[in-house]
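For clarity, chains are labelled A, B, C, D, E, F, G and H in written order, and residue numbers in each chain start from 1.
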Amino acid sequence: MTEESLRELLESIQAGKQSVDDVITRLRAMPFEDIGFAKIDHHRSIRCGFPEVIYAEHKTPDQVAAIFDRCVRAGTNVIATRASCQVYDAVVGVCDKAEYHEVARAVTLRQQEAVPSQGTVAIVSAGTSDLPVAEEARVTAEIMDQRTATLYDVGVAGIHRLFAHSESLQSASVAVVVAGMEGALASVVGGMVECPVIAVPTSVGYGASFHGLAALLGMLNSCAAGVTVVNIDNGFGAGYTASLINRRRESKQE
Amino acid sequence: MTEESLRELLESIQAGKQSVDDVITRLRAMPFEDIGFAKIDHHRSIRCGFPEVIYAEHKTPDQVAAIFDRCVRAGTNVIATRASCQVYDAVVGVCDKAEYHEVARAVTLRQQEAVPSQGTVAIVSAGTSDLPVAEEARVTAEIMDQRTATLYDVGVAGIHRLFAHSESLQSASVAVVVAGMEGALASVVGGMVECPVIAVPTSVGYGASFHGLAALLGMLNSCAAGVTVVNIDNGFGAGYTASLINRRRESKQE
Amino acid sequence: MTEESLRELLESIQAGKQSVDDVITRLRAMPFEDIGFAKIDHHRSIRCGFPEVIYAEHKTPDQVAAIFDRCVRAGTNVIATRASCQVYDAVVGVCDKAEYHEVARAVTLRQQEAVPSQGTVAIVSAGTSDLPVAEEARVTAEIMDQRTATLYDVGVAGIHRLFAHSESLQSASVAVVVAGMEGALASVVGGMVECPVIAVPTSVGYGASFHGLAALLGMLNSCAAGVTVVNIDNGFGAGYTASLINRRRESKQE
Amino acid sequence: MTEESLRELLESIQAGKQSVDDVITRLRAMPFEDIGFAKIDHHRSIRCGFPEVIYAEHKTPDQVAAIFDRCVRAGTNVIATRASCQVYDAVVGVCDKAEYHEVARAVTLRQQEAVPSQGTVAIVSAGTSDLPVAEEARVTAEIMDQRTATLYDVGVAGIHRLFAHSESLQSASVAVVVAGMEGALASVVGGMVECPVIAVPTSVGYGASFHGLAALLGMLNSCAAGVTVVNIDNGFGAGYTASLINRRRESKQE
Amino acid sequence: MTEESLRELLESIQAGKQSVDDVITRLRAMPFEDIGFAKIDHHRSIRCGFPEVIYAEHKTPDQVAAIFDRCVRAGTNVIATRASCQVYDAVVGVCDKAEYHEVARAVTLRQQEAVPSQGTVAIVSAGTSDLPVAEEARVTAEIMDQRTATLYDVGVAGIHRLFAHSESLQSASVAVVVAGMEGALASVVGGMVECPVIAVPTSVGYGASFHGLAALLGMLNSCAAGVTVVNIDNGFGAGYTASLINRRRESKQE
Amino acid sequence: MTEESLRELLESIQAGKQSVDDVITRLRAMPFEDIGFAKIDHHRSIRCGFPEVIYAEHKTPDQVAAIFDRCVRAGTNVIATRASCQVYDAVVGVCDKAEYHEVARAVTLRQQEAVPSQGTVAIVSAGTSDLPVAEEARVTAEIMDQRTATLYDVGVAGIHRLFAHSESLQSASVAVVVAGMEGALASVVGGMVECPVIAVPTSVGYGASFHGLAALLGMLNSCAAGVTVVNIDNGFGAGYTASLINRRRESKQE
Amino acid sequence: MTEESLRELLESIQAGKQSVDDVITRLRAMPFEDIGFAKIDHHRSIRCGFPEVIYAEHKTPDQVAAIFDRCVRAGTNVIATRASCQVYDAVVGVCDKAEYHEVARAVTLRQQEAVPSQGTVAIVSAGTSDLPVAEEARVTAEIMDQRTATLYDVGVAGIHRLFAHSESLQSASVAVVVAGMEGALASVVGGMVECPVIAVPTSVGYGASFHGLAALLGMLNSCAAGVTVVNIDNGFGAGYTASLINRRRESKQE
Amino acid sequence: MTEESLRELLESIQAGKQSVDDVITRLRAMPFEDIGFAKIDHHRSIRCGFPEVIYAEHKTPDQVAAIFDRCVRAGTNVIATRASCQVYDAVVGVCDKAEYHEVARAVTLRQQEAVPSQGTVAIVSAGTSDLPVAEEARVTAEIMDQRTATLYDVGVAGIHRLFAHSESLQSASVAVVVAGMEGALASVVGGMVECPVIAVPTSVGYGASFHGLAALLGMLNSCAAGVTVVNIDNGFGAGYTASLINRRRESKQE
């Protein structure tokens, strides 16, 4: 269901072609279709401006494929995150145009023409091991029509690497900073840029990193204002919010 | 130092009026003045678009007043957060136009003409006890020239209160959601709006709230995408980031 | 041993057919039979109104089958929770009428005629991944003769899904709310209903969910009164207590 | 607003005396009156069957008195919990019939005739230091028209004290068990009774009790089914839920 | 090295047969033999009254067998704990009289004639899943010449099972109480007996048991005096200390 | 009530002077007298061999004095722990022979002739700040008729201080080791002695000592077998258990 | 006791002027003098190269003064840390040359001529609130004869402040980095210098800083090699270890 | 790039052979080569005095081999830590002189002639299971040209083993102490030596060791000054810092 079809429906009331009750009944049924084990929220693209996202982690390949299939039919772009190859194989069985992003562990399908954003989402990551999370953020932002610029492996221990790219950083509209261990990169970037920074702690590390807790606490306590934080390893949430920030700006300029 | 004076300085090089070394020497000295116990960063308004913020919590009234005084002379707007009445009394001694926001525990001074934002920062809070943190966010956003709309005492246990105001919420450009106890309000608001949500856990609660930990974890695990989180009780950080998001949008429209 | 046989035993004292000492001796021996690695508590159906429950998690299939067998002979209904297929295979070897609930990971055997309750136990869950726990609650309530109504996949991020079913929720006698991540669903439901709510945090989530800790703390700090909490993933405990609440009401009406 | 007045309002629509829109407008306004710092939810007695409860902990005496005053005018029973003497003094200033329960730290006002419940809420506590929490549960249950039976200072270390009262325990409809330190009392009572047990961990203890965490975890892991848990020191929540369980039973018997 | 041979050595100094330096040199070399990856402490049987104990958990089967072999040659009793079948197979290769205790996961070798203690070490456990830890305590105590009495599966939820055996409990010299989940059994036993109680929390449980943390905290906060605690799952430590307490008593009576 | 008076009571049944029911009635009433806010357990000296202990921490001076008074009348020795001067002043008002131990924060009254133990309880402490806990252990052991030997300020950082006293340590029957910070002293002592070691972590320290957690975890993980642990700062529990261990040995020798 | 006097003592044996036993007896007595509540370790200056340090936190002013007095008589330099003005007043009563460092909360007395080190200990701190800890490190290093260079208020959010001083940093022999909140400064400095870095987390911060835990974990997980960590707020430990590193180097050069 | 080639480059500016811009351009490019998934920092040997270290844990064998290959070409010594056999096999494919240290799980390549240090790095470990971490420290120190002395299996429970080697310990320049469980060894060694001690907690242990947390907290709270701590299991960090301390001393002596 697109905003167009919703408008048609509502105008049919105004025009007296349908009773209010009938429309209410249809609307109540439409927001989500019950396919047994999950309710798919097609209204989300109206309420929140974006397609349904499928979190594949605790679902079987077949469950993901079935949900994916419904989303395809709704005509929107689709993204499934935390998707293994097995999941991708199942999805391809129902939708052969689906694309797999191996490092990001994501499956995407673009069904609507891309209108690239003017501003850029910078995605900065500290180490090689943080790549899957950074890539999840990038793939998410791109399926949401954002231009992205990546700046990987620029950890704080060799801070000159980061400064070599400061120009590129300072021209971004939003920065997503992905780092494990002590997560100090978020504070350093936060002190260098004017734009909002979304910090993503990763579970990279060992011992007293406590599976990302050290980076999470570090980022929450950042001495740089303008830094907000998402859950450990939540590349999707960071890419999604970055898109929300950047995209609204564009749409409102008109 | 304003952007204007920086530009003049740099053009004086181009025009051959000063050597590069001289300018570097001046610049290196200027970013912060050393007043013994703290370095004040007047360049921040160039680098990050906002004046120095004074975190008064662990400073003596006299220390705060001294830093405030320097900021006043720099000509920018000033804000001191976590300021007790004692702090305010000391600040007023050096700057009689400073204003005290009792609930927000903030001292502000406006020295530059306000240019109110077009979009609105919605500030939503769950309970009466969350007010100080919500007000800190509001005062911060307003000294940064944001229009704000407040929606207080709309906790999840009586969720109809929130829905009675859904229109006002949905028209905001950014939402700051302030809640203690289980922090569920952030997820509910996150599911209702299209704009980015900045969640502020508060230390309101007792027992297993563990001084805000329950709300913090709840918000980090929000099932609503588009929610990012700041430190417990960090109303300032939320107001600041909300302003960053909203303000950039406007300035870029020109 | 049924209540009937206990009564006979006690009346035999009254009638002088047995000495008090003899009866005490028999009773002391009867409450549990020692089968080497576990003591089975047949008296429970007298003391607490329900059959022995077998927690299969840390037991071998053969151990579960042996305990199940003893329970079968006692004539009561039986339930084994956290049972893998291997466990079920072993149980079927000793009792071919045992039924397997795959999603709930439970084995049940009904030996006593069901007398369905008048009131309903509503079982509400937030996401697809919470299903095993929700189903464990449902299967438990049903083997204890409760009518149940399920409302699955109605997470807080799309709160209109929940409100579409508010009527069904409000007519329940007890609500079991199953949710992982931030667990906000318990507070929202708690604010919508008049009946007691039993909240079950699940280990669904990642990162700062800390295996269910975030949901657990969130539920314990619920701003809605009338919400009590059981252990993480403890669908059985929730279903059991819900039955206790509902069943007592009915039996006392007579 | 009572259920009666709501019914009248709705019948006025049916009778064509008011338009639907007018009624909606009135209803939307009525649920809560805005008194500046808090929204009071007078509809709660319709939705949830009980009056507004005032949590006084983080409020000033004057704030509590103001909210109390509004509740008094609504004609319902009122209870303010976590109320210091100072709070009571302020409340008495606006309502001289308010009663102070010193140990429970609660202020109550009974405005509606009591209709005592048939079943009994047993309130069991482990040690002398747990009294304030146990009393908060008792006062809450009584303002909600419950009969209560108290069984104090029956900790597990001298378990014969508890067994001396087992008859009284076993005749209860619901049991509230209040204990700090290791919280073992909840499991022991849970194994003795047929009715639901609401366990309240208290912050009584020192060292590794970690302000009630030990008791909380102990109760959540209770090996006795039928035990649910509320927040540390949350005597109110336990008394409230116990009333909910017991009261529904009675009202439905008619 | 036995106490006898030590005495001979020291008397040889007194008698002037060896210089002090020579003896010191010999003694410094003797306490442990270096076999490459571990130093074996043969003096322990002099200093502490018991043979070397081999903790097999993080060692390879071959490493355990090599250490076991050295201990065998020292003539003392030997025990290896946390030993898998693979470890046992390797040990049997060097010592065919070694005995495997499967549930306890221990390998023992008795080389010195047993002199059973007069008093009894009671070993009490809560559930079937606690058996491995309880058995480790029993096997340890028995290789240290203690009489033991076991009381298994007597959890608090069915407390009458425990009371049925109270006589046996009350005649023990020391009680080892093994329990997971909430660990309440330690407090209940501690309130029933006069002798010291050694509480062993186990990692049995799920969710908020946090791998034994709930039981550990519960036991540390026991309201019964006379209860001391060892590490989670440390059946060996409990059996060892219980033996120390009981054995010293006997040996000093002579 | 002493063991003597209990025996008389029971013999009166045997002699037919009282009915069983009468005696049961009297016994059930006697174990604890209800004085309103606490039940005093006079039977404890029969069941557990020691008088009631009063934990004064969360009680008012008057409450402690009232309980103390009842205990005095029972004729046993009495001890109140965690007692401030205010508590002592109140106690002296009802019992002028009560003695105050300032460092240990304990009030004691000896009413029964002391029969000093043969073996010695060694009390070892790491630093000056651990003294209150060590002294609480000493005072407890002495009111329970134990000989004690104290070895204070022998922390691990200057380990030669400890070794200078190793002889005295090795002749003890039980050792109580009191240490904060990292708690290493327990392991070192545990490796030096043959007797059981009761480790008492203290809350002495700062930062990452987390109020005694570091010492507690250290002691629970002691690499020395024979070490058991009590709650943080629980000097009483350590002194009590040490007495239990030592005293039983003596009484059984007869 | 100085090394000189120890040597004299030992040579008196060699020369036959004293028996070995006599010397042993004197030495055993000398290392620490018992003054009732604390053992002072005068041998430390021989074993570890530095005087006794008095940790004043949990001691009374009189206790500190008494210990200080003994140290003064030993002729060494003395330092008391965590000393309030009250403590200083008491110390001055026994030693009028003692000096008070108010910010560092330390009392020092120099009795031996200073021989300043060649290398420099750089002390770097992030914010104004970290000053007391940084100053404690500085005062400690200086009483141990180190040259120090301080670089205060150079937090990561304005990283150019730090780089403005990079030359001074890079010429240091050891760097002590003091930071609260997220502690990122340690990683940044660690990536800039060749020398060892000692990181001191401080308890500065609020909310999710959890009293320094965030900074502590951040520093332990530093991505820069060469960083080691001391306890939260342990400025003394950092200054002491830095001196150890720097001083050894110098002394060995001779 | 060696310091030599850097100097040549800079002198070419001085000599007017290259423009400053050209040199800046070359330098900016050189510090790290981008090979797709990781930036290798060849400048590190200039800035920090040591070659790039490859942390192999979360990298594929092929990724490690590719990075290793680049490092080999830079002519420096190379070390890859946390390397499995599979990683070694891949590395040998590109560099057949690479050496595998199985226990330490490290791959090294020496390309520069060793100049052994004068002072010694002592590596002390508590138990057999701590060997991998201790060996990682040793291999790291040795590839950095340090003399090492190992003292393994000298845990605190048999403290005489440690004292038998005290001479060797006291002659070390730096001590690395590796211990799991309670980590007490660090404090004991810290009290015995004059040199700095780097403590490495290991994850060896079970139950309340919480994967190394107990040892970590213990070491951070060490009562011995001069002890600093690295992350759990971070043998590399300890070996690296120890080398830094020792090596600087030597290089500066010239």
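Following the convention adopted for this analysis, contacts are C-beta pairs under 8 Å (C-beta built on N, C-alpha and C of every residue); 3 or more make two chains touch, one makes a residue touch a chain.
No experiment lies behind these values; they were computed from the predicted model shown.
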Which chains does subunit D share as contact partners with subunit G?
B, F
Look at the interfaces A-H and G-H and say which one is made up of more C-beta pairs in contact.
G-H
Based on CA centres, what chain would you say lies at the far end from subunit D?
H
Based on the averaged CA atom positions, which chain is farthest from subunit A?
F
Suppose each chain is reduced to the average of its Cα coordinates; what separation in Å results between subunit F and subunit H?
50
How many angstrom between the C-alpha centroids of subunit G and subunit B?
39
Report the inter-centroid distance (CA atoms only) between subunit E and subunit F in whole Å.
26
Where subunit E touches two or more other chains at once, by residue number
158, 192, 207-209, 213, 216, 220-221, 225, 231-232
Chain pairs that touch, as defined at the top of this document
A-B, A-C, A-G, A-H, B-C, B-D, B-G, C-D, C-E, D-E, D-F, E-F, E-H, F-G, F-H, G-H
Residue ranges of subunit E in contact with subunit C within the complex:
128-129, 131, 152-154, 158, 160-161, 164, 204, 206-209
What part of subunit E is in contact with subunit H in the complex they form?
28, 31-32, 37-39, 41, 43-44, 57-59, 63, 201, 203, 211-213, 216, 231-234
Within the complex, which stretch of subunit C touches subunit B?
126-127, 155-159, 181-184, 187-188, 190-192, 205, 207-210, 213-215, 217-225
Spell out the part of subunit G that touches subunit H in their complex, as residue ranges.
47-50, 53, 119, 173, 192-196, 198, 216, 220-221, 225-232, 236-238, 240-241, 244-245, 248-249, 252-253
